[in-house]
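Please go over the structures that come below.
Here come two complexes built around chain A, the first alongside chain B, the second alongside chain C.
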Partner chain A sequence: MPANAPPPSPPGAAAGRAPRRPRGRLDLGAVGLQVLAVAAVVALVVYLADNVSTNQRLLGIDSDFSYLDDPAGVLVAFSDFSPGQPVREILLVGLKNTALVALPGIALTLVLGTLLGIARLSPNWLLRKAATLYVETLRNIPPVLVIIFVNAAVVLGFLPTIQESFSLFGLVELNNRRLLVASPVWTDGTAAWLVVVGVGVVAAVVFAVLATRRSFRTGVPHRRVSRGVAIAVGVATAGYVVLGAPVALSRPVLDGPSFSGGAAMSTGYFALLAGLVLYTASHIAEIVRGSVQAVAKGQVEAADALGLSTGARLRFVVLPQAFRIAIPPTLNQFLNLTKNTSLGLVVAYSELTLITQQVIGNGSPAVQSTLVLMAVYLCLTLPISALTNVANRRLQLVER
Partner chain B sequence: MTSYGGATRTHARRGLALLAGLALLGAACSSDEDDPAAGVEGETPGTDGTGGGGRGGEEGATTEGGGLLAEVQSRGNLVCGVNDAVPGFGITDEAGEFSGFDIDFCRVVAAAVLGDAEAVEFRPLTADQRFTALQSGEIDVLIRNTTFTATRDGSEGAAFATTTFYDGQQMMVRADAGFDTIESMDGTTVCVLSGTTTELNLATRFAAGGLTVTPLTFPDNEQLQAAFVAGQCDGWTSDGSQLAGVRSAFPEADGGPEGLVILDEVFSKEPLGPAVRDGDDEWADAVNWAVLATIQAEEFGIGQADVQDALTDENPDVLRFFGQPIDDGEGSTAVFDPGLGLDPEFAIAVVEQVGNYGEIFDRNVGAGSPLELDRGLNALWDADEPGLMYAPPYR
Partner chain C sequence: MNPTRPPAQRDEPWTWARRELFSGPVNTVVSVVFGAALAYVAYRIVAFTFLNTEWEVVRRNLRLFMVGRFPIDDLWRVWAAGYLVVAAIGIGAGVTGAVAAETAVAKGRPPTRLPTAVAVGRFAPLLVLVVVLVSLTRTVVPGLLAVGAVATLLASRTAAHRVPAGRARALAWLVALGALVGAFLVLTGFGGVGWDAWGGLLLTLFATVAGIVLSFPLGIVLAFGRRSRLPAVRWLSGAYIELFRGVPLVTLLIISQVSLGFFFPTSVDPPSLLARGLIAIVLFESAYMAEVVRGGLQSVPGGQVEAAQALGLRRRHVVRRVVLPQALRAVIPATVGQFISLFKDTSLLGVVAFFELLRVSQTVLSQPDFRAQGLDAVTLGFAGFIYWVVSYTMSKESRRLERRLGADRA
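And now, the complex of A and B:
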């Protein structure tokens, strides 16, 4: 499905099946043509591959993959990669960085997109129009521009330099190079405290189960969530006080030209992640809106007739059915987001494509490197694609 | 049976259309793919079917004559891979006109090969793209601050001509940042272009000093400059000449040239020169001697304005260089042609239309430019402060 696919149509609209040819009859003419077509494609691919390798040989360029074992020679920002390590390992660093954007990106996109999609259906005029403005603007801009905009307007234009880093009680430091957050450090008492926390969680779960049973027996509201959380937090806090602050904090401190301590995120990463999430969420919002509208009107009317509140109607009647319709196109958007991480090169984020360009620029053969790059992206996206197909098949069968 | 007959015919028609489409695609691809091969497989003209493509016939004709030299001459213009973002070396102005040191050497090659310094099509390339463009035959010659290295010569399919600029990598920092040596830059973030030798040298230099560095890698100079201006990196490393160019053109709003310091330490050798595709010696020779002619002309002390006078010079070396008849003292005259495939008078076009090496240097990067670079290593071998510029004898 293309990126700008229209929202899904209501159930039942596309259920028509083409009439089938009777079994047992083989149309030799059609089969012959298909065999010819396949042969032509194979011949073309073989011819092109041979042409490339011949030209490479004549130019003295290697046409095998032994370059993967050569030293990469370059450094990678925010990683402990050393220049002596081979090309295959720098590619793994790039793959890890790609995943570091794709996975949180998918989660954040889903949340933002769902909220926007529901906002587009809101009875509140201002909210509805604001969401419409967002969606119609963002989804009609190329994602690379969104990323460049975030980088230029927020990172380069708004954030202070490292010397004038914005600080929040020394716990959070924000500048145009990094976002740093104070991070917990393992100490002697940490293990004991984690055990206490575990005990608290178990106690909370046990309470929840008992409260649920009692509620079924007596009809008294169980309040298992609020009280369970209170129990877990209470035990953890008590343990923390008793053990005398068993977890230390590593605060980010400006140490000459760079920060030390804390957990850091580069601003290139932020620009890429934010740009992709903002962009992809606009597509998810359209899918959510379309799917909600595709739920049969009678369902909503029935829920109203039962006296369900707006929230309960959404939660128990509309959304469960809408999600069924929304899942396949949503997975497609996840696929797009994963592929669009390759735009990280415009903000100097060392993801797979940038790293591949670096190694090509430093002596690795372009054709093989690009083939490897394509193969890796295929390995990342084919499973998502397969999942989409499975979801498509299963959900269509149980459509109500 | 009859009820499916219609369907079968439709199938057949669709299948035929598909095959026709594939055939067209194949033809288009093969003519594209043969294009780069034309130069390399020049010794077997005609065996390679360039069928289908509209340019097939024309190409067949040019490969008959030999390699890229004949192809460029029959095409009538030179496609030159250049930089468009380094002041002094290769940059475009508001009107889209290219200018710079490397640009002038594109014109030198065009003047030598075609007799017209303006018959150049400039193809701006990023550092990452340049060798792929050269390998695939998209450009005839690459003159884009390209360092001559063993790997590029050996496994990138490139062959280098005479070095036009001896350069070295340096580090530029903000004047108020307080860095005065590379050693003082431990733990800093440094902006660098991707796919360059500078990227490799940065890693080597900091490792040698036991220093840590965070590289920020950008594909082009505009993005890099934006990051540097905003303070995302402490240093900007590149070839010294490029840094001088960037510094000279640094916007006043961002501190101007005085706000920046280029550290003294030169931590690499960067001989920059034109590169051509491996396997076409005739073309490589033509490019090489076009460049050498500018150096030779400076050795003779002949500039743009002196060419016409020099044609009647007493010195037989000068006459030979400009392809003028030399009286051998016994009444017969002969024009010297070293067999480079160039017009015997190619040096006239080069020097008259573009200038000698010294003029090209001064105009773009030297005393007559905002960069004000010293000749340094790029002085002539016989200058008062000798450099490395030396042209083999033209005879």
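And now, the complex of A and C:
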């Protein structure tokens, strides 16, 4: 920040928002303006709704949501959904498939993006340049293109045949037909074990809270993370042993011409997941790099002056501050990745948007179907968005 | 910024390599591994570009990639429009440069004039793209026209740089704006070609410019709405922003194609499919623009407003002359970032059946001569290169502008 920059203003006093009037005095102009604004919006909505219902009546289309109970009449690849099941259930399948990309995608993106971000800060020139090359290339092309490219590479034979399937410890199998992942199998003891795991997690959280309090009181290091994790893992392992291996793992096994066991996904799924991870990781890398560099230089120098080691400097001075800066934009990227799962339709992956398109093609009313689709997406994205807003606000309070 | 900076240290190559690459066993291993990896990537790129790739599919379909199914007889319109746009960009760059130079002089710094080598380096990717495109053509005319376009750019920039401050400069901006409008008119007007017949890069660029021009003002209005002192206005703006930010653009585009027609009264014809696609893009992007502008508004210190009010400025003058200029300047990088996103997002028009750049790179693969030969990497690589050049140049330029403005403030 330049030396003579204006000092940061207190929150609430920023420009654009006039100071509030004292309560109890009614400003007729303001009230009138607001009534006018609301009335205009309501009138617009009513007008549009009226147009829709008129158009639907003329075309003989239902205006209600009863179609949700009609049979979907669509098959879903890699799912045991039967066309006779109602539309509302096929939407749930779509939601599940969207989550199957979004959740692993977020985890993998975080790992790859953090590694790339660290690589961009590396003292090694070659590593730095390699990471820069990756980031500047991937960030500047559309994500759809990345996904189509990965898909084309899959089809073009960069992946091995089923017989020579690429294997990761026997847990993940990738070939030019399918992606297979080892999947847990629900047995009688599973529910009980999950309860035990839950108890372990609660115990760990309680310990962390108590340890933090004690640390504040006495100054003894709390070690809440390492010990808390140890408690949770310990309880889970003990429960696993006592209950006699309550969760089986179904591994994909080559069985003649095809694989059996595990969860099978299409190569389209692989292309979508890989494409989104490769693309979004370039943005996460920039966030990681930017937020580490945004930590004031004086902080690093002060840590050095105190004689902290490199590790201690990173852990106690740089990373906590960088982390705080990085959280809101990272959440934003997670939001983008979640929304970009809708690109699955270019690789024929049956997520929410593609399924809605198919259902509309099969006779469901377009307006209602798309309204439901929007509502489902909002249910997915608004919580993340709200979380981002909270993080933003807390960040501001801490900074000022 | 700092006149007494220590002179940059220049190392012997070997000292440099020792420090940067081989300063320890771990570093050495990393250098060897990544050196090998980078060399392999470089080899693959060179081999792909020059040795074992048939660019015939791009060469023969270059017109499709550039303008889609735009009629051949009207191609001169595209060139004319291109010249007008180039002239407008030149004028804009010239005037901006002149303003920056004057600001620098007013603050007691020498006006920065870039050495030619640096200026060429800045636009190297763009120049490479032009050379690539020209090398793919079969006649000499496009090459000559491209050289003419570069000359037009330089000439208009130099001319605009000499325009004195004041009314003449405002006129220069007006001429640039007129050239842009003229470009649109020369394409569509006087028996021209309607935008439904556009395609390829032309459609991609048109959708980007139209999206920016329409969504930016809407975003500013929404940003002020979200910070209004009237709760109802605040809630309505917030609801709009969250609603359209929360839904993927692909979804909005599909909605615009299958549902939007229902929302128009029976008495009027619903807009064309492309117009509906643009509506979806504008609804989506304006919500994002609003958040960017809001960030800028938040960054303007309250004392600025109070000072303006103390001077007796009217409220709309406070907004227009004090708040907005500072707010928009503070978020130039974020705004350009949003423009780049919009540019990349236009590729989604291809997903819903419009014939833009990405879609062309898919459809040419179904031509009899090029079917099922594994040419995906060729056409996608070509389209990807165009996307990359435009996005990369925009982001580099915005960072440069940011640095220059940062220097102005110090």
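Operating definition for what follows: the second predicted complex is superposed on the first by the 256 of 400 C-alpha atoms of A that agree within 3 Å, B and C clash if a C-alpha of one lies under 4 Å from a C-alpha of the other, contacts with A are read in each partner's own complex, and residues count from 1 in each chain.
Definition applied: a contact is a pair of C-beta atoms (placed from the backbone, for glycine too) under 8 Å apart; a residue touches a chain by one contact, two chains touch by 3 or more.
For clarity, every value in this text was computed on a predicted model and none was experimentally measured.
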Checklist line | Comparison of chain B and chain C by chain A residues contacted | finding: C
Check: With the two structures laid over each other on chain A, which partner does A:Leu75 touch: chain B (first), chain C (second), both, or neither?
Finding: first
Checklist line | Contacts of A:Thr114 with chain B and chain C, given as first, second, both or neither | finding: neither
Note to self: Under the stated touch criterion, which partner chain does A:Ser350 make contact with: chain B (first), chain C (second), both, or neither?
What the structure shows: first
Notebook entry, point to check: Which of the two partners, first being chain B and second being chain C, lies in contact with A:Ala30: first, second, both, or neither?
Noted result: both
Check: Now for A:Ser291: first (chain B), second (chain C), both, or neither, which partner does it touch?
Finding: neither
Check: After superposition on the shared chain, which partner residues are touched by A:Ser385: those of chain B (first), chain C (second), both, or neither?
Finding: second
Next item on the list: Identify the partner contact of A:Thr161: answer first if only chain B is touched, second if only chain C is, both if each is, neither if none is.
Entry: first
Note to self: Touch test for A:Leu58: chain B only (first), chain C only (second), both, or neither?
What the structure shows: both
Margin query: Quick one: is A:Val41 in contact with chain B, with chain C, with both, or with neither? Answer first, second, both or neither.
Written below: both
Next item on the list: Would you mind listing the overlap between the chain B footprint and the chain C footprint on chain A?
Entry: 30, 33-34, 37, 41, 48, 51-52, 54-56, 58, 152, 155-157, 345-346, 357, 360, 366
Check: Touching chain C in the complex: which residues of chain A?
Finding: 2-10, 13-18, 20, 30, 33-35, 37-38, 41, 48, 51-52, 54-56, 58, 122-127, 129-130, 133, 136-137, 139-145, 148-149, 152-153, 155-157, 339-343, 345-346, 353, 356-357, 360, 366-367, 370, 373-374, 377-378, 381-382, 385
Note to self: Which residues of chain B touch chain A once you look at their complex with the stated criterion?
What the structure shows: 4, 7-8, 11-12, 15-16, 18-19, 22-23, 25-26, 29-30, 33, 36-37, 40-41, 127-128, 131-132, 135, 151-152, 154-157, 185-189, 194-197, 199-200, 202-204, 207, 213-219, 223, 226-227, 230-234, 277-279
Notebook entry, point to check: What residues on chain A touch chain B, complex-wise?
Noted result: 21, 25, 27, 29-30, 33-34, 36-37, 40-41, 44, 47-48, 51-52, 54-56, 58-62, 73-78, 82-83, 152, 155-157, 161-163, 176-177, 255-258, 267-268, 345-346, 348, 350, 354, 357-358, 360-363, 365-366
Note to self: Help me check something: in the complex, which residues belonging to chain C touch chain A?
What the structure shows: 20-21, 23, 27, 30-31, 34-35, 37-38, 41, 224, 227-233, 236, 242-243, 245-251, 254-255, 258-259, 261-266, 297-305, 319, 322-323, 327, 340, 344-345, 347-348, 350-351, 358, 362, 374, 376-377, 380, 383-384, 387-388, 391-392, 395, 406, 409-410
